[in-house]
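Chains: A, B and C, in written order; residue numbering restarts at 1 for each.
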Amino acid sequence: MKALSLPAQKRHEALVGYLFIAPYLVLFVAFVLVPVVWGYFISLHNWHVLGDQKPFVGFANYRALLRDDLFGIALLNTGYFALLTVIPGNVVSLLLALGLNARIRAENVYKAVFYLPVILSVAVVAIIWRWMYSTEFGLLNYYLKLLWQMFNLPGEFQPVPWLNSPQSAMPSLALMSIWWGAGGNMLIYLAGLRGIPEEYYEAARIDGASTWGRFWHITLPLLRPSLLFCLVMSLIGSSQVFGQSYILTGGGPHYSTLTVVLYMYQTGFSLYRMGYACAVAYVMFVIVLGFTLLQFRLLSARGEE
Amino acid sequence: MRISFVRVILYLLMTVGALLFLMPVAWMLVMSILPESEIFQPVPHWIPQEPTLQNFRELFKRAEEAPVMRWFWNSLFVAGTGTFTYLLLSSMAAYAFSRLDFPGRNVLFFVVLSTLIIPGQVTIIPVFLILQKLHWFNTYYALIVPGLAGAFGVFLLRQFFLTIPREMEEAALIDGCGRAGIYWRIILPLSKPALATLAIFSFLGGWNDFMLPLIATNEIEMRTLPVGLTIFLGRYSMQYGLVMATAVIATLPVLVMFLLFQRHIIRGVVLTGLKG
Amino acid sequence: MSRLCRLLGLMMVAGALLLAGCSPRSNLRSDPNAEIRFWNGFTGPDGATMEKIVKQFERETGIRVKMQIIPWGTYYDKLVLSLAYGDAPDVFICHANRIAEFARYGVFRPLDDLIAADRGFRVDDILPNIWQAGQYDGKQVGLPLDCHPQGLYYNLKLFREAGIVDAQGNPKPPETWDEFLETARKLTVDKDGDGRPDQWGFAFTWLRTNWITFISQHGGSILSEDLRRAALNQPPAVRATQQMCDIIFQHRVAPKPEGFDSWMGFRQGRVAMAIEGIYMLSSVEEQKGLEYAGAPVPSFGPKRAVWGGSHMLCMPKGISPQRAEQVWRFIRYLSDHSLDWAEGGQVPVRRSLLNEPRFRRMRVQHAFAKQLPYVVFEPASHKSTEIMPFYDAAIEAALLGIRTPQDALNEAARRIQQVLDRP
């Protein structure tokens, strides 16, 4: 290789650099950057796929969203789903992690079992749980009935309608989603727990702190970064819930499981009103962005302590 | 004595929990080998009286209306090719971002990085329209290429590359090895753990993805297993043995992968914050 | 450097591969010798019937037709995308209730000039109310191949057992509301005395279309005549919905439409009467041991009306003139042979065919065909598909007893109005 002068070398390095990022960058521009900008552009139009003209309508789609009953329902339902999954789901993950952290035998087996559902596709999960939730033949109602009889509860056991009633459909989807996802956060909590130095507990034990006291005053505060991370990530994840209701309930019964992304999907890909669907997507984006900024703030607040 | 009592309770709770977590998956496996007569029973047949592969055989017979093997192949091809290409493109970009100096590098990296916070669903409609414009709808390109643009791989690999000491590269550079040589001969071999982690999650992600195949295809032959499964669910809602057999086919590869690479996966979750 | 070159080469190959996938597909081919592409959703026995007619057409004219059957569940999704992004078929089926939705975007090639040029084709032979359903904005965009009205299916054996027969001893289907109620009462039987009937006199099958029949008979409609206002919460429609609820809750001659497969119930003889479309004929034909007959829907209200649908034959915009003429020959041929088509469980819409002895022998089709003059379609609004889920939900809520008819319909009306008001 001939020795190059410094500027030439720099130029050469820059050229190589561009060549290296070029293939990725082309795809990044085509399938991330352009869609983000174009999506906003579309949301300002009355954009039906069959329309020759796609007239510019300004913020009319967004204004219509404000008055749209179903969008309101979808927002509320999504919030309800988040409420039902984020806190209970993280409690489950944390409990599992605490159990795993108690130096039990065959820890890896337990860990694998709890994590297993995470690797399944939402379609597989939905198919399994559709059967679990079957009113007549489902395992859940079968074992609930057994428990009912075992504890001699009063009256006859009434099968739970799970996915078939507007009251229980969303909680059913939430239960399924907790089962599906708990293992992921569990691992993060476990790593967090393992990162807490043993000396802290020793010191507390010498001070005579109870198990509960140690959990409350040592474990929880020191787990704060993991907690924050998992809570916000769950929140972001649950605000995008789609597959569960798309496959299992189609948004029903009586709109009880219509979520924001499902509404976007239906508007965009059943009615082909792309402009309106993009407006839905952008409102969702703003909400998720809010959660993300919240996370940054919380995390940086921790840094200042 | 008290301590051991607590531990008994602990083991009891953990075991009950593990059984509850296992139950749905185990039931799927059992149901796939139950004959139809044993499926609709008031008492679940955990131990089949007459285990059968009839459901799987039936699947092949129905290849015309529900080409499960084709879906399997599609999923495998899409996840496999996607993973390979994703690793290649991401690592190249990450190498440039971490080792090469060029004007605009930091701005570009910031732009790429900041798109990590954008949920995929936000862009799904424009992506669909772009696929139409490219005439990629109902092709493998549509199933693979949009997934390659994700910024996560670049971000993860760049972080990893930055931890690799520069001395070796400098020695290689002096020996007359080009940039490409360094990337291929030094950086990539040293990054095997990170690449492996990324490969596993990328494959799982590709295999399990639902939204993109749903909107990028509508020919039954071009569906992947997860989307094909839902078609199945709509059409054979009463033949649950068949549906479960398909679900098993959709699960086995990732299950095997999970058992083989369990440690990797579990470490990867902690490392990346990805949940699979 | 050479390695870099190799890498670059690899990338270029990859890029070329990507571009290869980009080659634009030609849209409507103008080659007059190419086959006609015909899309429909006839997945059942009707598909085989259509196949036969198509084969016959190919033999007689030498024009080749490639028919593609796409299940109705995904049919319109594929059709919309093919019309929007190219690759559209040369001729396709569009249901009457979706004509406006598509026509609004100008995707059809109007047929008026082809009809005018074809001297042998008599427009007045086609029933006017159904002919008009193929029009949008004064243009004929679809040619009705058939009509599929609802009618009353009834179980002959159960009628005989209950002694509901005329003077000749033949089972007698009800014609008025009072007769219907009396018949249904007699046919609702609780054999084992557990308080739950094991045999129902009647059952609602497809709620949406059953409901449209009821409200139309009471003079109600989903939208106002100008298609701008929701009308389904007006007194006539509410009265009709209440009547449907009464059949379930007050007279108890029909099961709640929940966890009960009504049509299967009819097929298996657990339901004595059901109102369903003529397209269900093949499904009762294949049911072994079922003795059935068809009759016009009884009068539940002051007006004569019954829900119906129609398969319209349409051409896409942009089709070349020669091709359009070929396709017209094909469309014309299908219409001329709609008696063959009727065999598969359809009703022809040409008056000349309705009186043929051959059609009289298709008993159920013939019975249902009497209702053609007063068939009611879903509103011809371009938002017809979009507002459907709202009244579906309202009907379900009312018939399950979750909401009162007035409440449920008010809610639906409010949401439908939102949709209508939107540009």
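One rule holds for everything that comes next: contacts are C-beta pairs under 8 Å (C-beta built on N, C-alpha and C of every residue); 3 or more make two chains touch, one makes a residue touch a chain.
Since the model is a prediction, treat every value here as computed from it, not as a measurement.
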> When you draw the chains as points and link the ones that touch, which shape shows up: line, ring, star, complete, or other?
Replying inline: complete
>> Using C-alpha centres only, name the chain that sits farthest from chain A.
In response: C
> Counting only C-beta pairs in contact, which pair of chains has the most of them?
Replying inline: A-B
> Which whole number of Å gives the spacing of the CA centres of chain A and chain B?
Replying inline: 16
> Once you find the CA centre of chain A and the CA centre of chain C, what distance in Å lies between them?
Replying inline: 40
>> Two or more other chains touching the same residue: where does that happen in chain C?
In response: 1, 4, 14, 77, 81, 84-85
>> Quick check on chain B: which residues sit in contact with 2+ other chains?
In response: 145, 178-180
> Which chain A residues sit where two or more other chains touch them?
Replying inline: 1, 16, 23, 269
> What residues on chain C touch chain A, complex-wise?
Replying inline: 1, 4, 8, 11, 14-15, 77, 80-81, 83-85, 102, 105-107, 259, 385-386, 393, 396-397, 402, 414-415, 418, 422-423
> Considering the complex alone, what residue numbers of chain B touch chain C?
Replying inline: 85, 132, 134-137, 139, 141, 145, 178-181, 184, 218, 234
> Tell me, which parts of chain B touch chain A in their complex?
Replying inline: 7, 10-11, 13-14, 17-18, 21-25, 27-28, 31, 39-44, 89-90, 92-93, 95-97, 100-103, 105, 108, 111-112, 115, 117-119, 121-130, 145-146, 148-151, 154, 176, 178-180, 183, 204, 207-211, 215, 225-227, 229-230, 233, 240, 243-244, 247, 250-251, 254-255, 257-259, 262, 265-266, 269-270, 273, 275-276
>> Could you list, by residue number, the parts of chain C that touch chain B in their complex?
In response: 1, 3-4, 7, 14, 18, 21-25, 73-74, 77-78, 81, 84-85
> Which part of chain A faces chain C closely enough to touch in the complex?
Replying inline: 1, 16, 19, 22-23, 46, 48-52, 57, 60, 64, 67-70, 135, 164, 254-255, 269-272
